[in-house]
Amino acid sequence: MLEITTTHYLVLSAALFMIGVIGVMVRRNIIIIFMSIELMLNAVNVNLVAFSQQWQHVVGQVFAVFVIAVAAAEAAVGLGIILAFYRNKETVNIDEMNVMRW
Amino acid sequence: MSNVADFPLLSLILFTPLAGAVLLLFVNRQSEDAIRWIANVVAGIGFLVSLPLWFWFEPQGAQWQFVERLEWIPSIGAEYSLGVDGFSALLVLLTTMMGSIAILSSWTAITERVKEYYIFLLVLQTGMIGAFVSLDFLLFFLFWEVMLVPMYFLIGIWGSDRRLYSAIKFFLYTLVGSVVMLLGILAIYFEHHAMTGIYSFDVTRFHELTLPVGLQWWVFLAFFLGFAVKVPMFPFHTWLPDAHTDAPTAGSVILAAVLLKMGTYGFIRFSLPILPEATIEFVPMVIWLSIIGVIYGALVALAQRDWKRLVAYSSVSHMAMVMLGMFSLNPVGIMGSIVQQINHGISTGALFLIVGIVYERRHTREISEYGGLSKIMPVYAVVFLIMTMSSIGLPTLNGFIGEILILQGVFVVNKMWAAVAASGIVLGAAYMLWLYQRTMFGNVDNPKNESLPDLNIRELATFVPLIVLAVWIGLYPSPFLRRLDSSVMHVVSRVNAAYAPLNADGGADASAPVDGSLAGGQ
Amino acid sequence: MDVIWLIPILPGIGAAVNGLLGIRFFSKAQSAAVACGSMGLAAALSIYAFVQLLGSESRVHDVVVATWIPAIALETVDGIGAFAVDWAFRLDPLSGMMILVVSGIGLLIHIYSTSYMHGESDAGYARFFCYLNLFCFFMLTLVLGANLLVMFVGWEGVGLCSYLLIGFWYQKQSASDAGKKAFLVNRIGDWGFVLGIFLIFFTFGTLDFREVAAGAAAMPIETAEFGVISLICLFLFVGATGKSAQIPLYVWLPDAMEGPTPVSALIHAATMVTAGVYMVCRNAVLFTHAPMVMTIVAVIGGVTALMAASIGLTQTDIKRVLAYSTVSQLGYMFLATGVGAFAAGAFHLMTHAFFKALLFLGSGSVIHAMNDEQDMRHMGGLKTFMPVTFVTMLVGTLAIAGIPPLAGFFSKDEILFQTFLHNRVLWILAVATAGMTAFYMFRLMAMTFYGEYRGPAWEHGEGHDAGEDHSDHDGHGAWHGPHESPTAMTGPLMALAVGAIVAGFVGIPAALGGGNAIEHFLEPSFTVEATEEAGPVAEAAGEAEEVHEVSHAAELGLMALSILVALGGIALAHRLYIRRPELAEAWRARWAGAHRLLLNKYYVDELYQSTVVRGTMSGGRGLWRFDGRVVDGAVNGTGWLTLASSWCSQLFDRYVVDGAVNLVGWSASESSFSLRRIQTGLIQNYALVMLLGVFVFVSIYLLVR
Amino acid sequence: MAEAFVFYGLAALILGFAVLVISTRNTVHSVLYLVVNFLLVAMLYVMLGAEFLAAIQVLVYAGGIVVLYLFVVMLVNLKRPPETHQDPRRQTRLGLALAGAVLAELVAIIVYSSTGESVPAAAPAEAGMVEGNVEQIGMLLYTNYLIPFEVASVLLLVAMIGAIVLAKREL
């Protein structure tokens, strides 16, 4: 157990991801939810880097770079949407965003 | 001629009216006179460009002339292939001429929706020409159907009284016929593939085919339905009087002069050469239907009180005569049949124009409304007289040549048929003369008729070419008959073994003498 | 002689000029000049051609102008032949004689008409001459045609002109009716004629008269059986009965008298109606090969002659008497041809043309003088008013009655003699007819010219009561009583009278010391070439010659008899209508039934009207109803059935097919109605579902791996 | 040994701060915890020999994105507490349970699928490999992954424009 293998990183990554998932599930503040998503993306990056390390190849890191780029884009657009929504509804509570139904 | 051969003359003839129709689309609908001028000029050009068919056609040349071939739908072997023989060249000329006459005749008759009217007429023109020049069966069928739509609208929109009923009747009748015909075409198409391995709609190929007799039988019936409706033959004729009566004048003229020829053209071009054995089997049926048609049409015409309807029934009678000649299956009969088709186009077309002229002035077709018009409209009376005589087959006019050839052709096949059919010419004279007497002779009893104007220059101009042609064909038909030689002999050699080796000694296959005493010089 | 085709063309040009220009632009003098000029040229050319023919060795001259119908292959009895027709004209003795008659009498009648038709408007005048010229064109074509089809052109064409000229006063219902009747009855005859043409081509492979004759000469005479030549001849004769007004198709001719009188003279007496006879003579070789049909021809001719003559006995309309007389004389001609005396028939044709044209023109002169009165009961005593007309008509009457030495005597006697040799019963008919002819002709003369004037009174400068409906074509305006006609009318009368006197001299029989020149002249036209000496016709001719030789005495006796009969008729007429008119009344009363029968023309018109005409018309109407109810009914029924079935299928459509479709839609909407509860709009619930999905997939991975 | 120690310590901190991020009531605090979390993850990257990525993580995530979050949190002036209203239909507990279950499963998979073969994490720098971590990534990005790279740039551009459009009151 003292030898740190890829498995350890994977377990960490899984735990981090699940924390993000729980954040998405339970919080009602949409900003927190977005941050939870960032956590999940980080978990993924950890995974990628771990495998990169295992296979001794940097392509995993390259992927991680792309993920970060996408995360940045997502954050920018998502926060823009939040702002627009907030201006209309004066709230960031996701339970009040329920018009997307029949 | 070599450079002429490459020139796409037929396409030019075919698409000139269509181009005119497209041109008309861009003209303001309010400027009606401009529309009329354009339509007339286009129709005139259409006629002029078709004239080379007369001058450049070589009667002794190849059977198909001015041929054009392009790929159309290569996957099923359909081609854009055009070509004419003497028969279709004459019909194309008839079409372009009658088309321009019809368009000229509607100058003042049509006052509503002028633009659409002329567009429909021009599209119709293209459809008719296309059907005559197509050498591809599918292309023919395409044009055949194309004709239907403008005619439907011409009757339905610009017609009189019961125009919708008539238009729908016309449409349904012809459509039913043509659907069955399409089945026949497909049957030949697939059988041709089965026999040769080639997918093709090429009519000239079909002409060399020997289909199994059983199949021929069915295909003949299918074609018969399609073409007989169009002719129209006796039990399928009832759309004709209605359509003619309710159509506008130009529509009637086109209908009588050209559309009816589609049926007979179809028989000569397709039924006879492609299905020779079945044709021979069906001769008695067709002949008797034709004979019934000749007499029936004449008798019913005798009972009519409506001028236009009378002419329509006379059309039934005349077209039955055409069918009669065709199914004699010998050169004289078929030649007569073709000549009579052209004659019918000229004389019946003119008769419809004649009715149209008084209809435009008086808005009634009741014969009893007229009387004594000779006095008021002398020029009109003379034109009517000439066309009446042409219609009843007076020698020196065109009708005679057709009738005499047809009856002579039928006579050598069966004397009884000829004798019965010839009685139609007596009845033909009866109804036409009676009509002439009731409308032209006598005193002017109806005060509404007292100030009818005689023909004006434009109206006279529509008749002059018809009269000239009537006299020309009557006195010197050789140019016409010579052009028909090769097409007639081609058809005859397919359906009648006796004429196949004409260059060989003719006596070899002589029909048996009627009885011993007839064996002339022996 | 190569220009004989010009003979018909000239009047044709005249007709075209008058028709296209004259009606609109010409004055009367101009249109008359055109018409008479073209006819005059044609007549001159005819004479020239005839003289040339007399002077030439060959008796046959053919001129082919152009191809009409080029050769088209067609089977005949002898295998595949070629149906080909040329515009070919032929001058031989028969047609030579005919062109003289047609163009000569035609010219005279043209001249006569210039005066007679003067009452017409300018346009009507030109129209009349246009028709008249057109008629001559067709008649000359008929006569000169070298084959059956060219002859048929003329044949139909004269029918057309007859139609137009009878109906010249088209505003009169009776005139246009009569024209139509003439045309239609002729058409019935033409039906037979065309069938004859077809059968001729089928049998001989040609339509040229001489080739047909040659072909027929090579075939046996059909004495025992009714063979193909007999059939041909029967068909042709049907055509002839139509054109030449024989039983059963004679009914149109009396009605044709509705036309202007010169028309009656030219068309319905001198030329057109004789076309049938001419046609039979043209095909003499055919007919001689069909003795059975010859008998039919003779019998029809004889019976027609008698019947028409008997009708003529009672008619009171001056032109109708002459019309029945014409029918009767035509019967004579057919009788002649029927007994094989073609030359006699043709001879009578010619003499008849002269004297009948004369009589008609004379009657026209009378009618003109009486201001369009045609009823003889309103005439009488005109002898003093119009001496020239009287004298010329008297000549004509004597000629038709057969009084020597006038033209009618020689031709009629020839016929009687030949008939006597052939068939005694027919001879008796013919002699009876001769008696009747003399009687009714003198009755006509008596009622018209003798006795007292019975017509309407007239006053100077005032109108009168009769004939008002014709006053529009009476050029004189007010009528000044009966008067002699102008020179343009009396001139032709005198010319024709001369013809009626001398025309017979070309045929003085051998029994009277003459050479019967005309018979020998015409002979080549009735036989095939003399080279075929074995031909049966030549034999027959030879036999006839022998008979001639042996029976001069009999012939003279017969002549005397016929003269006696004619004189008897004349005497009877004189007694009844001049000396004791009351006796005529008494006779009429005594035989009232017979008189009515004759007056009503044996009710033949009524019979035809009620059978043929009414039958055709009701047939037409019946078929029309059939067309509307049955044929169209079937179509409309089909349409109705289609509609009905479409209504049924519409129901099916609505309840079954549409029902199924709606069921699907309904179930979808219902289920979605319940299912949409899942759609909360809460994003996290959706994410929960995604998570659930992840859980399930991971679980599956765990379980199956 | 030290490596294991560092790893476990880092892992505990990462998870702990992550839990704080999702559990804090105050949004600003949550953002700050997130920054810490990201910095810790960057350290993990260093541990794994991915120095370039670590730098990016700090610069882009901690320095850029999180600042963005802070801006938004400040812009969204929360007058009333954001999570007062709760929809009765939300299934928080079920979500928690499912998340826990999936975590368990994942861990099970990872643990049981690990072959036990110990690929040495953070292996000592081999020749020619470690030397240029940045260089290698650069080589890959500008050769093999040029097109995805460019697409990513376009994506960022689009996102930028989109964000501007969305956030602006009136265009």
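Letters A, B, C and D mark the chains as written, and numbering starts fresh at 1 in each.
The rule is short, and it goes like this: a residue touches a chain if its C-beta (ideal position, glycine included) is under 8 Å from a C-beta of that chain, and two chains touch if they have at least 3 such contacts.
All values derive from a computational prediction rather than experimental measurement.
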{"item": "Remaining touching clusters (ignoring chain B, no chains moved)", "value": "one piece"}
{"item": "Touching both chain A and chain D (chains)", "value": "C"}
{"item": "More contacts between chains, A-C or B-C", "value": "B-C"}
{"item": "Innermost chain, taking as reference the mean of every protein Cα atom displayed", "value": "B"}
{"item": "Inter-centroid spacing, chain C versus chain B (mean Cα positions, whole Å)", "value": "32"}
{"item": "Approximate Å spacing (C-alpha centroids) for the pair chain A, chain C", "value": "114"}
{"item": "Centre-to-centre distance between chain B and chain A (centres being mean Cα positions), rounded to whole Å", "value": "82"}
{"item": "Cα-centroid distance, chain C relative to chain D, in whole angstrom", "value": "119"}
{"item": "Touching two or more other chains - residue numbers and ranges from chain C", "value": "680, 682, 684, 687-688, 691"}
{"item": "Chain A: positions in contact with at least two other chains", "value": "21, 25, 95, 98"}
{"item": "All touching chain pairs, where touch follows the definition stated at the start", "value": "A-C, A-D, B-C, C-D"}
{"item": "Interfacial residue positions of chain A with respect to chain C in the complex", "value": "21, 24-25, 94-95, 97-102"}
{"item": "Chain A residues within the chain D interface of the complex", "value": "1-12, 14-16, 18-23, 25-29, 31-32, 34-36, 38-39, 42, 45-46, 49-50, 52-54, 56, 58-59, 61-62, 64-66, 68-77, 79-84, 86-87, 90-93, 95-96, 98"}
{"item": "Interface residues, chain C side, partner chain D - complex", "value": "680, 682, 684-685, 687-688, 691-692, 694-695, 698-699, 701-702"}
{"item": "Interfacial residue positions of chain C with respect to chain B in the complex", "value": "19, 23, 66-70, 72-81, 83, 123, 149, 152-153, 155-157, 160, 163, 167, 170-171, 173, 176-177, 179-180, 183-184, 187-188, 190-191, 194-195, 197-199, 201-204, 215, 218-220, 222, 225, 227-228, 616-617, 619-621, 623-624, 627, 631-632, 635, 639"}
{"item": "Parts of chain C lying in touch with chain A, wherever the complex brings them together", "value": "676, 679-684, 687-688, 691"}
